[in-house]
Structure formats: structure tokens, C-alpha cells
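In the two complexes that follow, chain A is the common piece, with chain B as its partner first and chain C second.
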Partner chain A sequence: MSFTTRGTAPAFRPRLALRRLFSSTFLLGCFIAICVGVVLLGALVIEVVVDGGSVPFAPPSAASLPDGMGWLAWAFPIAVLTPFLLPRLAHRRSELAPPAFAALCVLSALPAAIFGHLIYVGFEDAYYVKTGGHIFDLLSEATAWQTFRIVLVGLLLPGGLLAVAWRGARRLRSPSLVWPAVILAAWGFYLFLEPGFLSSPPSQSPDRIGIFPALVGTLYMMTITAAAAFPLGIGAAIYLEEYARRNWFSRFIQVNIANLAGVPSIVYGLLGLQLFVRVLEFDRSVLAGALTMALLVMPIIIVSAQESLRAVPPSMREAAYAVGATRWQVIRHHVLPYAFGGMLTGNILAMSRAIGETAPLIAMGALTFIAFLPDTPTDDFTVLPIQIFNWVTRPQSAFHEVAASTILILLLILLLMNSAAIIMRHRSRTEW
Partner chain B sequence: MAAQAPQPRDTLSGLLAELWRDKLQPSRSGAGRETLSGRFIHGALFLIATLSAFVTVGIVLVLIFETIEFFRIIPFGDFFGSTEWSALFAEGQFGVWALVWGTVLIAVMALAVAVPLGLLAAIFLSEYAAPRLRAVLKPLLEILAGVPTVVYGYFALLTVSPIIRSIFGEDVGIYNALAAGVVLGIMIIPMVSSLSEDALNAVPRSLREGSYALGATRFETAVRVVLPAAFSGVVASIILAASRAVGETMIVTIAAGGNPQFLVDPLEAVQTMTAMIVQLSLGDTPTTSVEFKVLFAVAMTLFVMTLAMNVFAQWVVRRFREEYE
Partner chain C sequence: MSQQPLAPAALDDAASQRSQVASDAVGAVIEAPRPGQTIEAVHLDPTRSAVRHELPEDVELALALNNVSVFYGAFQAVDRISLQIPRNRVTALIGPSGCGKSTLLRCLNRMNDLIPSARVEGHIRFGELDLLSPKIDAVDVRRRIGMVFQKPNPFPKSIYENVAFGARINGYSGDMDRLVEDALRRAALWDEVRDDLGKSGLALSGGQQQRLCIARAIAVQPEVILMDEPASALDPVATLKIEDLMRELAEDYTIVVVTHNMQQAGRVSDFTAFLLAGEERTGRLVEFGPTTEIFTNPTDPRTEDYITGRYG
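== the complex of A and B ==
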């Protein structure tokens, strides 16, 4: 489909240029990321922004930056990100000499900062549009320009993060876009929050509420869950793949694991209630919750670890046996190093399942008012999803806003974990 | 004479190794010799692998134990022979069918959303999308499955439910089965699409090429050749998605209301088995009460239902798989 005649200089053809631009892989990724971003997070962010009439949410200038410096909130991340984007759009980065590249970065950062300031102003306008609180009301009552800027702000963060996922899916090796996107996302989320939201205890009044104990409880529980579930899950996978004979017993264990993965999570909660809370008398502690979660995610870890062990070619093992290695030496020095990346990915995905699970903890009776931090593994605790559930089920809309911003924090953690898993998977992938 | 290494039998460890030799033979021909520490590792890994069996046993024992206690107080017939549920009242009724009905109603609504969308997505990804587009779209679809269910609950109650009320009028309650069912359906789309897509992809290329050679269009090939060939995998994915919908807790707890009734109207509030377990867990029920024990009887019903669906899905895959070379 080429119209170029050999020997003549290629003329500028706008349609071809446009097609090239849109077929440029990055634009495609951005477009899809933005579409999904609209569905997943856009509505949520706008809801936080628009309903944020009460105190927990304020425009960036009032929240975390000194007066008069609020424009930095948006100019900074865009200035960080743009130098990474523009050369990519031009497909020229590798061809440019370093000084030229640096100059291009500075030049592209300037308009980006101005652009960021404009967005920020629009954001502030939107904040003062009091519409009675529904997203559709906002879209009908705000001006088109306001709506455009609100949507733009709402898309910045999910777009950036999903671009990370997209790069992972494209198996690109250089993750240079990843860290700017992560900085951008963290910065944006930080600015959405009232100071103290991350560092205060929960309260009965929504304007002084914080999620610090839930945040600490989540991290605490995840640490113990990981410490319990990783060795057990990986050990079981090694046994099944490397040691077990193909007999009725290993088949039984396999079928059993497949069925365990299908057991509803709330049933695990009842198991935890009886086994850990009552029989072993851990009470409703971090330990009991974490061990229940460990049992819940173990099937996921086993299956993914088995897959990565299976991906190591038999010739690798045979070569090691041929030079006299024992079986454990073969596993330890040859199989595990190659399967490690895949195992880690599976573990992270399993943890991201555990971090969002609510039902088992509620079945264990962990839904209580906790305003302090867990010190030891036997202390009471609370986690982010439980706080979200608690606030969603209250009738006052002020608590719904608190729930929305807690969801944003939870989704941020999840997206970071998933991005890390995807990047790790594609970095460790080796073709045999 | 130079000191010889002791014979294996002379030491305790050697004796143990001798005892275990038969049991711990290398499983594959050509596998290396095992030292004592290697055997120890082998044994430890074996114990870890059997742990999963103990988890299953633990679940079954925990459920059965309290369920038997429950049936000592409430006769079997009252549990399975009635559709009245009022566990929290004095002289409460324990007809589990009201809860099973709520669960099935919401699962059916979820499937009505997820099966068409998920199948279309799977057919598109497998038959139409370019590899590059697929590499992007598939992970994005799977993100839907990674979002915590409590977040879906938030959307069901505060976004979807108001939309439903604006369509069907204000006399529809905030808590209704439709909102929960629709959002639950969105949640299980990736289960249907991802597993079905794997099944469609496993259909060999020669079948498609044969179909094209006979003059079939791409759509005809996808729907009449590839889909029937992958039938077992597609059905299994739908069953697994249904089992996930039956066991899902937070969306229905938050958005479906707490009204255990035998209703057909999807705009009414219903209560599922999982939501009932949460409701009873939230209250401080003493562990000796009937209300505490009925929790396990309901969980047992739920466990048996999901287990049956999972086993059925595995059976479908085994029984109806079309083998191609």
C-alpha cells in the first residue's frame, strides 16, 4: 500500500502521518489506559472531588502545599513526566545525542508546567461547583471547559498507572517510563488527601477521620501472611513438581488444591474463627487474621509456583544431574533460580488478593472500632477493606466520601503491586 | 589399617536412611542420588504438600461439627423443608431455601451480565484481535478480577443503585438485588472471558483454515466451528464463574439488602447465604446459641454447592473435551 515512487523524495502526507501517529504503540496504550481509567477510577476521583464539600477533601493548595504554591501540585508531575513522553512520541530518543535530548526535556517541561497550572485552576473551579453531589449533575451543570479539565485531572493517575501495565504487557525491556509514572501517581494521591488522613486514627466524626491504624494493620497482616504462605506454598509446589511420583496421591493433592481455590473466602473465615480464634486461642488478633489469609492464598501460590517450575526445561536438570549434583542441589542451584521470577510474580498477585479480602476477617469477628496500632501479633487490628466496609454501610454521605478516598489508597497499593508483578514477570522471562 | 568411614548401618542416621530408602526413591529415572539432608528436605516438602489436604479436612470438620450440633437443636426438616427464614427473632425460622433462592437469583443475574459480555470478549480476543491488541486488552480485563470486592460493593450501592432507582422510579429500594447482580456480573466477566479465551485458543488452526477453505466468513468460523470445538472449556468457565458468584460475599452484603425472602422481583432486597453469614458474624452471637451454629449449617450448604460446581466443571472438561492433534 505504498504510494512512494522509487527515487523521489517522500512528500509529506498528512493522512499517513496521522496513521503513523496513531499506530505508534504508545498512543494506543494511552488511549486504552484512559478508557479503562474512565471506568475504574475516573468516576471515583470525581466523586471525591465534587462531593468533597466537607473537610476531609480539599483542593491541593489547601491540603498539602503552602499558600500560593498550589499550582505546583499539577505542574510538578507533568513536568516530570513530559520529558519521558515527548521523545517517545517522536520515536527519536535513541537517535538524539545526550545534549540534544536534555535540551528537548527542558523545552518540553516548560509547556507542561504551564499546562499543569491550567489544569490546576480548572480543578479548583470544579471544586467550588456545589451540585448536590451526583456525577451526572456535575456534567450537566458545569461548563464544558470545567468538565474537560475535571476529566483530565481524573484521568491523569489511572492513565499513568495503566501505561505501566501496558508497557509490561508489551514486554518492553526498558522500564524508564515506570518510575516517573509511579512518582506521578503517588504525588497525585498524596495531594488528594487532607493532611492527617493517612496518619490519624479513625474517629466517629468524618472530618477528623484517618486510616493510620488500618494502613499499619494491613501492612502488618500482609507481612505475616507472606511469611507463612510463601514457604508453604513454594514448598508444596516443589514437592509436587520435582519429587512426587505420578500416582494417586499426587493426583489427589492436585485436585484438592484446585478445589481449595474454589472454596468461598467466607468459609475460610469460619475455618479461621474455629481453628485460630477459638481452638488455638489467638483471639481476633493480627496472627489469626494473617494465618487465615495465608490458607486462603496458598492454592494460588502453589499453582503459580508449579507453573514457573514447569517452565524450566528438563535439559537444565539433566545437565546438572550429569555432572553429579544431588537432587536438592539441582533444585536449589539450577531450578529455583530460573523459576524464581515467576514464583515472585505469583506471590505478589496472591498478596494483592489477600490485601483486598474482607469477608474472612468479618467472619472472624475482626470488625471492631480500633483506634490504636497493633504492637504484637496478638493485638487486635483493623485493615483497609474492613474500614471501607464499615464506612460504606453507614447512612451518612460524609462517611461515603471517606470510604471513597480509602478505596483510592487501597487501589493505589494494589496497582503498584500489580505493576511490580507484571514488570518482574517480563524481566525474568527467558526464552529457552 | 586406616580408619574407614563407618558403614551406614552403624550410625543412627544411616539406619534411618536405610529405613527410608524404599520410600524415598527418586521419582524419575536419571534423577540424582539423595543424601541424608536431601532426604530430610524431601520429607519436609512432602509434609508441606500434604498440608493442603489438611486444610480441606479442617474446613470439612469445622463445618460438620457445628452443623451436627445445629441439627440436634433444629430438625433437619425445618432447615431444608421450609422457605421461612427469621434467624434473629425469638422462635426463629430456619428455612434455608429463602437464602439459597436469594443466592441463585443474584448468581443468575450476574451470569446474565457476564456470560454474553465475557463470551463476546473471549471471541473477540481469540478470533479477531491482533496479537498486540490482545496483549494489551487481556491484562486490562483481568484487572477487573483483581479489584477488591468491597470496592465493587461501594459502586453497587452508591453508583449503580441510584441509576437503577432513576430508571425504575423512587419506590425501588436503595438495596435491591439488581444492583448487586449487575455489579457481581461485571466482576466475574474476566473469569468467563479469560478461561473461555484459553479454550478457544487451544482449538487448532487447521480447523479454522478448513472452515475458511469452505468459504465460511470469519464470524461463521468463530461461532460454528471454533466455539463448538471449545465447548467444554467454555461451559467449564461459565460454571466456575457461577461458583464464584455464589460464593461472593461483600457485594451482596453491601448492596443486596438483608431480606431473606422467596421473591422473583429483582428490584426487591434479597439476602444470600454469604450475606447472612456476615450479618450473623457482625452481631455478637454467643458461641453456644443456635444463631451461631446455624451459621455453620448455612456455610456447609454453601460449601457443598460450590464444591459440586467445581467438581462438575472439572468433569465437564474431562468428559466433553475434544482431542485434536
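== the complex of A and C ==
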């Protein structure tokens, strides 16, 4: 049962710009725009940053797959797409019972996968066809890491397909294509990568180069940023929206928050440099970077959380007050659960801004060559955008190629986060 | 007038009889206006003093309003209304739209506190307490004086949680399952939902949702239940069920109901207060008394005009 069908949206609330921004149609448009943008940017990077375009564009090489598993490069996408497309073709008025329908979906995925494999064999001789080997021989010869990957794909793929097909069949409607699109995008990127690119440290030699410390540093910094910014930001929004009296002071704060959202990030970097790096002596650590980022995204979090609080229908608050709830009980039991989806969306969007910010960290002095992982929050660190900046400034074109790949990884992470925001937003509207 | 619930088939009859009675009382002075004829000389002046009929000897009072005025900023919505609300009876507030009925109702459990610009003057006695005194905790008032709203507004939670929520936050420590069942039984909803208490409250039909809201109000064991046009968003059958329910609940609770459906007021209420607002939209009490007297023998000409359907 959805809220929207009950038409509980308060009629007298002005439709603020940010609220319109979150309408699902608009977000869908954004999603498509982001997808197109990623492709265009990728092309742009290859055209401009990398002279001559030596990054392979097509067909994907299967170098990052275990030996003999190259056929998965084609089979996997087809297998993922089939159960999503099949209900669209075969359709919603199916008389089949859900289990039978799900089984049909999965079964139909198998020939599709084999077909995909044959296509692939046509492109490039598959390893196991050449050697006359079999997939089970592979398992016995594979290294531990290869075995792990084979098992992972072997278990997750059928399990995931079954789950998706079951859900689609249960609801008697086609499942959303968002997840397979995201999975396929990730898969495509993965195929582009040299083995070890994600799991090696940076190196002076572009052949053995990797982004592992930057990737870990990014995740590390984001975790601390989120831990610092979410509670403060959401707390501030609850205070401003639910408790603060409407007087000149709260309006003053409100205007300031809106303005802070537009302050250039380099200014936050300088603030972080003075406050966290020097006065509080955190040095150029993960902690200093994360807190600076938290300051940077806090206004976005506050404003979006306020919008979602404002979207809670007044009739629901009244209902809770009318049974003798205190203000906090109303907020805790009704307002927050209702507004949670919107708040989460705002937070994720704020995080995806923070993940790409470079200027504040450079201003803080975090631009360093880091070949190890940060162990504690007070260690030196590097993040993806800084790593990109570092490599792009080098004269050798080999580093530019590596930078291009890193940019694609960063964009992929952004894409994943924004899709998660869209999906959560959608879910918070349609379910309770 | 006896207040036995009516079967749907009897509704039209009863209504026509009542209007017959009403027009008899007015006599031959008022004729039904012919098409194209302008209606003139309806009595609308709200500033004349109110008529208060004697209340029967045997009623106890639940609430006593004394010169209650409500302001929204500079705008005065209700002007010095005084009336008594008898215990364990149904009292209806009727009047045309915008005459301050709902505003007055929302004073009774301090709901107007939630509107920053609202200001209430006067006194409302509730037992030993003056409800409008700043010393009184509004949260406690709302527990003792429950409310049902115009549009059914169940929480987006399970049916069980909808009913249990109020009791839980008020520290109820008894058997919650029994409380929920009891409240749902009293709200005449138990038989329809007993097998899926885990279902969303929003999955019910409109009438069921409204009865769920009534169960939710009952579950915190209030003394008074305020109903703000509880049936205006419902179809006739659901309306009838709610009206039956109001009659049954009146045995244990004091009920104050706002309605602009006069037939409904006639069917369910024991006492009726008629409010009217003038050009400046400030509501004033016109007439208050037993429903039978208001409907069959209104003293004030303004009430008479409204009851007989000359306007509104």
C-alpha cells in the first residue's frame, strides 16, 4: 500500500525546489543522464587524457577472469538480463504458479548463457575449447583465488537469478532493470581492468600499478565522514524542523545553512587545514580529511533531511499527538520512520559529493604517494581523486592511461551510490 | 427522539419525516423556494446572543466551556462560546462551513497548541481541571480526551501496532493482546481483521480505517472522544456503521462530534450546539440544547432557518 495513492501530501506546503528535485521521474531522468554521462566521460577521457587512445574499447578482454573462464565475459551479462527481460516478453498475465514461472526464467537463462558462450567462442577461441579441457579440470588446477572466484560466481549467479525471478513472478510484474544495469556496468568495468589493478599498491612502473590504497583510503574516509556527518546533520534538521521556534534566529540559521551549501570546497579545505591539521594536531590524517568532508557535506544533509521531514503528512503527526504522544514520541515513532528513506537518499547524495571532492584534501596537504594502507584514523592516506590528480600530473602517458582507468572506477562508485539513492527513495515511497 | 440506529432502508423515511416535522413547526410561513426565486430574509446575524435550553436534571457534565475564544494570529475564529457537554452522551456541533466547529473541537484536547499562531482564551473545565491553564500538560489531556479525524489516518503500521501504539507510549503494562482485541471489538472491527492483525492499517477500506482510528482512540482508555466529521469521507453504509458505533460508545464515553450533516446530528446526538459565523468568519454559538428540541422546536430563528434548509 503506498502513501502516495492516499494523497496525503500536504496541500498547503509550498512545493520547494529540492522536493521537486526528488520526484521519481526527475530522478529516473538523472539516472539515465548519469549513465549517458559516464559513457561520454569515458570516451572523453580516452580521447583527451590518453593520447592516441590505447585503452582497449572493444571487445572486452577477459584477462581479468581466471584462465578458461573467459566465456563468462559474454555469458554472464546474458544470463543476468534474461530473467529480467523474459517476464517482459512472456509476461505478466502468466497463468503459471510463481515457482514454475521462476524455474522457467532460470532454465531459459541457461541456454541463453550457452548461446552467449558460443558467440564468445566465435570471437575468440575459448581456453578450454583450445585445450580440450573441462570446467571441472579447471577447478582442480586453479589457485585458491581463482577457486574462490569460480565458486562465488557459481553460487551467487544462480541464487541471485532465482531470487530475482521469484520476486518478479510473485509480483506478476517485470522486475526493475536498474539492478541488472548496475551489475552489468560493474561487470563491464571489471573486464576492462588488468588483473590486480584493484588489489595492488601504486608503483613507479605503470605495468604493476594498482589503486588499492586509494580505494581503501576512500572507503575509510567515507565511513568516518558518514559517522560524523549523519548524526549531526540529521540532528540539526530535526531540531530546526521540529523544535526550533520560527523566529529571526532560526531563519538566520536557515539562510546560513543554505549559503554554506554553496561555499567553494577549497574554503572548507583551508578551514580543515587550520582547525583539524594544525590546531587539533590531527596532521594530514584520515580523521582530519574525513572531518573536513563532514563539514563540507553537512549543509546538504541538513537541507535534504529537512525536506523529508517537511514531507511527513500533518495528519500523521496529529494522529500520534491525539493518542497522547509527546513530541519526541511522535518524532521517534512516526516522523523519523516516514522520513527515513528521504534522509538516506540525501545522505547518499551528500556522500557521493564527498567522494569526488579533491580540492579540500589537496589544501590540507594530503597529496602524497602512499604505497601502504592506513591502519588507524591518524595515519596518512590517499583517496581516488588525489591518486588521479597525482597520475595525471606525471609526464609519462602510461600513467595517464592508469588515471583514465581510475577515473572510470571512481565514476562507477558514484554511479552505484546514486543508483542506491534512487532505489531507496523509490522503495521508501512504495513500501512502509 | 429515540436514538436507535436505523437500518439503511429506513433512512430516507426518517429523514423525510423529520423534515416534515421541521416544516410543520415552521408552519406555512416558509414555502419551498421555486426555481429562480431568490431566497430572502434568512436570519444570519451571528452577533445576537445565544439561546441555551435547559439541560435535563439527570445529566452530569463532562466538560464545561466558559467564554472560549480562539485566535489565529490577529484573526478571531471563535468568539466567547459557553456551553456544557454532558457526560456519556453524544453532543453534536453543527453549523455551516467555516463557523469554527472544528476549531472549537480542537480546543477541547489542546490540539490547537500544535499551531504556532493559535491562541485560546477562556476556560474549559474538565473535572477539577481547567484545560486551558498553562499548568496543564497537553500530552496528558490528549490521552484523556481522544480524537478521531475527518480523514481516516491510520499509522502506516500493522493493525495491531495502530491500536497498541497509544497504550504502549503511555506506559500500559497489562496484556497488550487483550487490550488490542478489546479495542477492536468495541470499534466493531474485530471480526473483520482478527485473522490479519499484522496487515497494514492502510490496506483496509475507508470505513474500516476510520473504525481502526476509533479503536486506536479507545485503546488509551480516554474519558472523552472528539470526532471531527468522522464520516464525511465515507460512503453511506460505512457512515451508518460509524453512527451505530457512536451510539454504542456513548454508554461508556462522552462523545463530541462535529458534523455538517444535519441528518447525522439528528440521528446520533443527544445534544446539539448550533454555531454560525458572519462576514468576518468569527464563529459564535447560536443555540444549544437537547437535539429533539433544536430540531423540532428551535427557539432562535437563525437555527430554524438552518434546520429547515433555507441555507447551508
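Everything below uses one rule, namely that the second predicted complex is superposed on the first by the 270 of 432 C-alpha atoms of A that agree within 3 Å, B and C clash if a C-alpha of one lies under 4 Å from a C-alpha of the other, contacts with A are read in each partner's own complex, and residues count from 1 in each chain.
Rule of thumb we're sticking to: a residue touches a chain if its C-beta (ideal position, glycine included) is under 8 Å from a C-beta of that chain, and two chains touch if they have at least 3 such contacts.
Being a predicted model, the structure only gives us computed values, none of them experimental.
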| item | value |
| --- | --- |
| Partner with the higher number of touched chain A residues, chain C or chain B | B |
| Partner chain in contact with A:M343 - chain B first, chain C second, else both or neither | neither |
| Which superposed partner A:P385 touches (first chain B, second chain C, both, neither) | first |
| Which of chain B and chain C A:V267 touches, first, second, both or neither | first |
| Touching partner for A:M351 - first (chain B), second (chain C), both, neither | neither |
| Contacts of A:A258 with chain B and chain C, given as first, second, both or neither | first |
| Contacts of A:R278 with chain B and chain C, given as first, second, both or neither | first |
| Touching partner for A:G235 - first (chain B), second (chain C), both, neither | first |
| Touching partner for A:H334 - first (chain B), second (chain C), both, neither | second |
| Touching partner for A:A319 - first (chain B), second (chain C), both, neither | second |
| Shared contact residues on chain A - chain B and chain C | 245-246, 318, 320-321, 324-326, 329 |
| Residues of chain C defined as touching chain A within the complex | 109, 111, 114, 116, 139-140, 142-144, 146-149, 151, 153-157, 165-166, 169-170, 200, 202-203, 213, 216-217, 219-220 |
| Complex contacts: residues of chain A adjacent to chain C | 1, 3, 6, 8, 245-246, 313, 315-326, 329, 333-334, 337-338, 432 |
| Sites on chain B touched by chain A in the complex | 26-27, 30-35, 37-38, 41-42, 44-46, 48-53, 55-56, 58-59, 62-63, 65-66, 132, 135-140, 143, 146-151, 153-154, 157-159, 162, 240, 243-244, 246-250, 253-254, 274, 277-278, 281-282, 287, 295-296, 299, 302-303, 306-307, 309-311, 314 |
| Complex interface listing, chain A residues touching chain B | 25, 28-29, 32-33, 36, 40, 43, 47, 134, 162, 165-166, 168-171, 231-232, 235-236, 238-240, 243-246, 252-253, 255-260, 262-271, 274-275, 278, 295, 298-299, 302, 318, 320-321, 324-330, 349, 352-353, 355-359, 362-365, 367, 385, 388-389, 392-393, 400, 403-404, 407, 410-411, 414, 418, 422 |
